[in-house]
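Scrolling down, you'll hit the structures one after another.
Next come two complexes built around chain A: one with chain B, the other with chain C.
Here is the complex of A and B:
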């Protein structure tokens, strides 16, 4: 491995440095039909699952074929995407806000041919490289995070839980038979990078044990006041401890006030809390971000804990499948999962989805918790 | 022959959904074969060691990345997420495994030339693994060593004209829905506004100067395809002020069954024939639509522009012509104070490219001036709003107070007044009071 210079001169680091140039302008990468009809679209139709038609005021048409990705992908895979885009789409391709791929073609026949081609591509292990779907009233790709692949604060894995879940709900990716779109999201800790707090169904990594305190190193590695200020429940305070006759400045954690959010570890490397047995997943439901009919809503916790069961997380995927199938069978057309649960009442949601209700699901975080309790005699037996 | 045994990860190669394990394995094989004869600048077996360390995490249920990591490029305070494996002897290929955030074109449109050029850099100087894309929008180059950071940055800026994205307490990489490029609902050019503001605020993006992170997102209509209302501190959401345009012939075509409702989004299940009363009129949240004698009427004054009727009959109903955006402020995830969605700050703002979006920039800078002064360390603007009050934000933003800024008025009477607003002020003498009221 011989070092190959790019031209950068480490002896004169600021010489010839280019900065603050931002992204390339999107206009450079629009397919001709998109560029010609920019801002002049008339209407669209979903021809079949995974294939969209957009018709411009000029009468021009473009067909879009949408295919899944794993989001975590390799140079080799991206080069394969490029080969497909070169062969079928004049060298253009785009990614969606949920990490699917979209290819533009000119005719319905070409779109169906491309769909068949994409659906035929497989990895060596047997999974599909580019399954087509994710349009209309379907489950589309799962917005997710880094997990054990790259992050230091996760309570579960992202790529694995997502693959396990999408395999179980795959039929709803390639079909449009739900009452409304179902957005599933995943975050590996409650920093909630991504969309967990606003999704129809959400997978959230959680801890259940307070941090372990590395007293002998803490003061050297952490700004103690930042660790104290990082705690939402005021469980962390500065203190001193004596270990083998030596006094160390450190912190104390009031364990009964700690709800294991991990934010003190984010601020202080001497407060790790990951634990193979303690960590797992909470399941949330009922969030949405669109303003269609009802207002945007937060997802709510309906399962406080399922254990981490790598590599396929069977308990997690079973619960998600049950919620999804119950919603699909019972909700009205256009009704998002949260709108359905609100209409039938959450007591009925738990009954129908066969989920136990426990004390962990009752909000106890500061003043707003009160507004989640039931100040009415209206309830169902 | 794989370097590490991965019996657990191997189980994620089956099933229909694209397997990240299979993909990483094919990259590992490609690097081992090295048909192009590249002189890889980080260990050739980096993807193999990533699978190895991930398998270890699958076995013990805990992450194996050390806490934090501070690396970057000269001139910038962010853009690279440093990461080091906590078992570097066992997995030397990922001893360094830093992520580089690369600024993406808005709407995530690409030519294969651009993607190919990016991959050429990354194949030589990185792991060959990516995220397409990070949740904020960046192209994510996943895994390289510290000495390669400046080399990659040099190649990106000099050869591809592309910059890094944001990380840290600064303006993060803005993102937009695909907007006017392929959607008839777009009320403004979300991609162009996103690009313009990204360029305008490059300094704020690359050099952290804020109390905490700050994000922009741009949705061209209230459907929220980039989720601005939930995932950006300032959310720009397209809307209109005049009437929804109704094409009665097209309405008749929906009623007659010639056009599929919701553009065919429910086609794979039999929901019965389209019932305009049940599916549109009765579901309107304002109940401002009526359908009588074959004619659809909308009382636009009462419409809240939720998009439902337009989404359901896209060929018959169109957004109005007097277009702009609403601006909402304060969305964030739960840490520290609980999750927030954006709260409406400006009901309607023109999106005017001709004056370089000056009114939008004025508003942004007003909000920043206030929050940069008042915001505490690691306090998102949404939390500053909660601590100091929505009214403080409205004052700072320099916009009028408006009943649209609340869902409902307060129900407690704990109302602050300023001394100047009260006749006689607050300076009072107890002796004067006692002249009227004995002890």
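Here is the complex of A and C:
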């Protein structure tokens, strides 16, 4: 397609430039019933999986139908969402903080009709376009990252692993039969964009090999002190190398100190470390962010490595399914996954979930590692 | 990597238009880049920022933090944006021949 100008003049880039206007005010997009009852809600109920009812002090009711999305979506898909919103909800729709969709209607019949309609929409391959669910004690959408779709530091893929996992746990998205909500999150490297460090179950891309050093280009492309300072274990130091009679300023990596975090690659393009066989996934469990009953908690590593197995990651999904099913069968009502593991003790958690415990799981990072060891005689055989 | 020819000089650049080698920098580079960075004329103020960035990079091996740039040149961030509309990283560092900023940018 030939170039079509938007009216921007490259010869006068600052002319007519609009900036610092911020996002649109959310008030412009509120459905009338929400606008009228803003700050005056009385109580809410979950009518059935995927359908919420909110009742206002005035007696006004609104029914919310929650449906999943893949987060990564085309404009065609968004237009389809808009069509549904136009047809059922007066053109209003919203996205949740876990990238689900919410459509709001006025009556229970309309909500159930909309649920049936959404559940009937399918892609050509057979996948549901807008499966309804994600409310209450269920597995809701997976917060995830860019992966091989767009990022340059991933150790695994995001969209792929998430689709494989949601397919396996789909039943728990459309039902509410778990002891408490289970949040699954995914990050493709340990930058941990998103929520992996505070989720009930977390999927995390990891490397297992130190970076490769492009000595000849390093000084040109990188600010060496930044690469040195990027290392959490002090494995990177500045040095000089001689290649074919020419001296280059570069860095040296002490491989026995390197734990393959990839931070130096983030700062310096000449230190790539992605590797087909080396890279894979670590699984963490037991995090939460709410203050309900127990304090918020970080998730803990329970599986140090599962290999990357595109396109369906069978080992990964099997482990997650096993953890989820064991938790669902064993935990008390309202107990989040981490609360359950803490109550029965982590040695029992490993036993019940049939996970091997290895030295990789024992914290060895600086002074705080000590506090993760057991300084008591209280344990179970 | 692409090679740019400009007024008899040639520069090796990456896809974002940053110089591949700091040593390749010449005053012509500034003239070449200024248009794509929305700058009409290189003033003394522009030159002051470029000179400081180059001195700092030669001395320390890194680009200065924005607050250091402001403090030493005396230009507030707002003034730096007035001089270099793309900002201190994409605008000024590129013109000074420094490596492309990295990290989560």
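Here is the rule we go by: the second predicted complex is superposed on the first by the 381 of 381 C-alpha atoms of A that agree within 3 Å, B and C clash if a C-alpha of one lies under 4 Å from a C-alpha of the other, contacts with A are read in each partner's own complex, and residues count from 1 in each chain.
Throughout what follows, a contact is a pair of C-beta atoms (placed from the backbone, for glycine too) under 8 Å apart; a residue touches a chain by one contact, two chains touch by 3 or more.
No experiment lies behind these values; they were computed from the predicted model shown.
Shared-chain residue A:117: touches no atom of chain B or chain C. When both complexes are overlaid on chain A, the residue A:191 reaches chain B and chain C alike.
In the superposition on chain A, contact is made by A:13 with both chain B and chain C.
In the superposition on chain A, A:350 makes contact with neither chain B nor chain C.
In the superposition on chain A, A:145 makes contact with chain B only, while chain C stays out of contact range. Once the two complexes are overlaid on the shared chain, A:305 sits clear of chain B and of chain C alike.
Legend: residue contacts after superposition of the two complexes on their common chain; A:269 is shown touching both chain B and chain C. Of the two partners chain B and chain C, more chain A residues are in touch with B. Look at A:226: by the touch rule set out above, it reaches both chain B and chain C. In the superposition on chain A, the residues of chain A touched by chain B in one structure and by chain C in the other are 13-14, 191, 226, 269. Chain C meets chain A in the complex at residues 20-22, 38, 57, 60-63, 85, 99-100, 102-104. On the chain A side of its complex with chain C, the touching residues are 13-14, 191, 220-226, 266-269.
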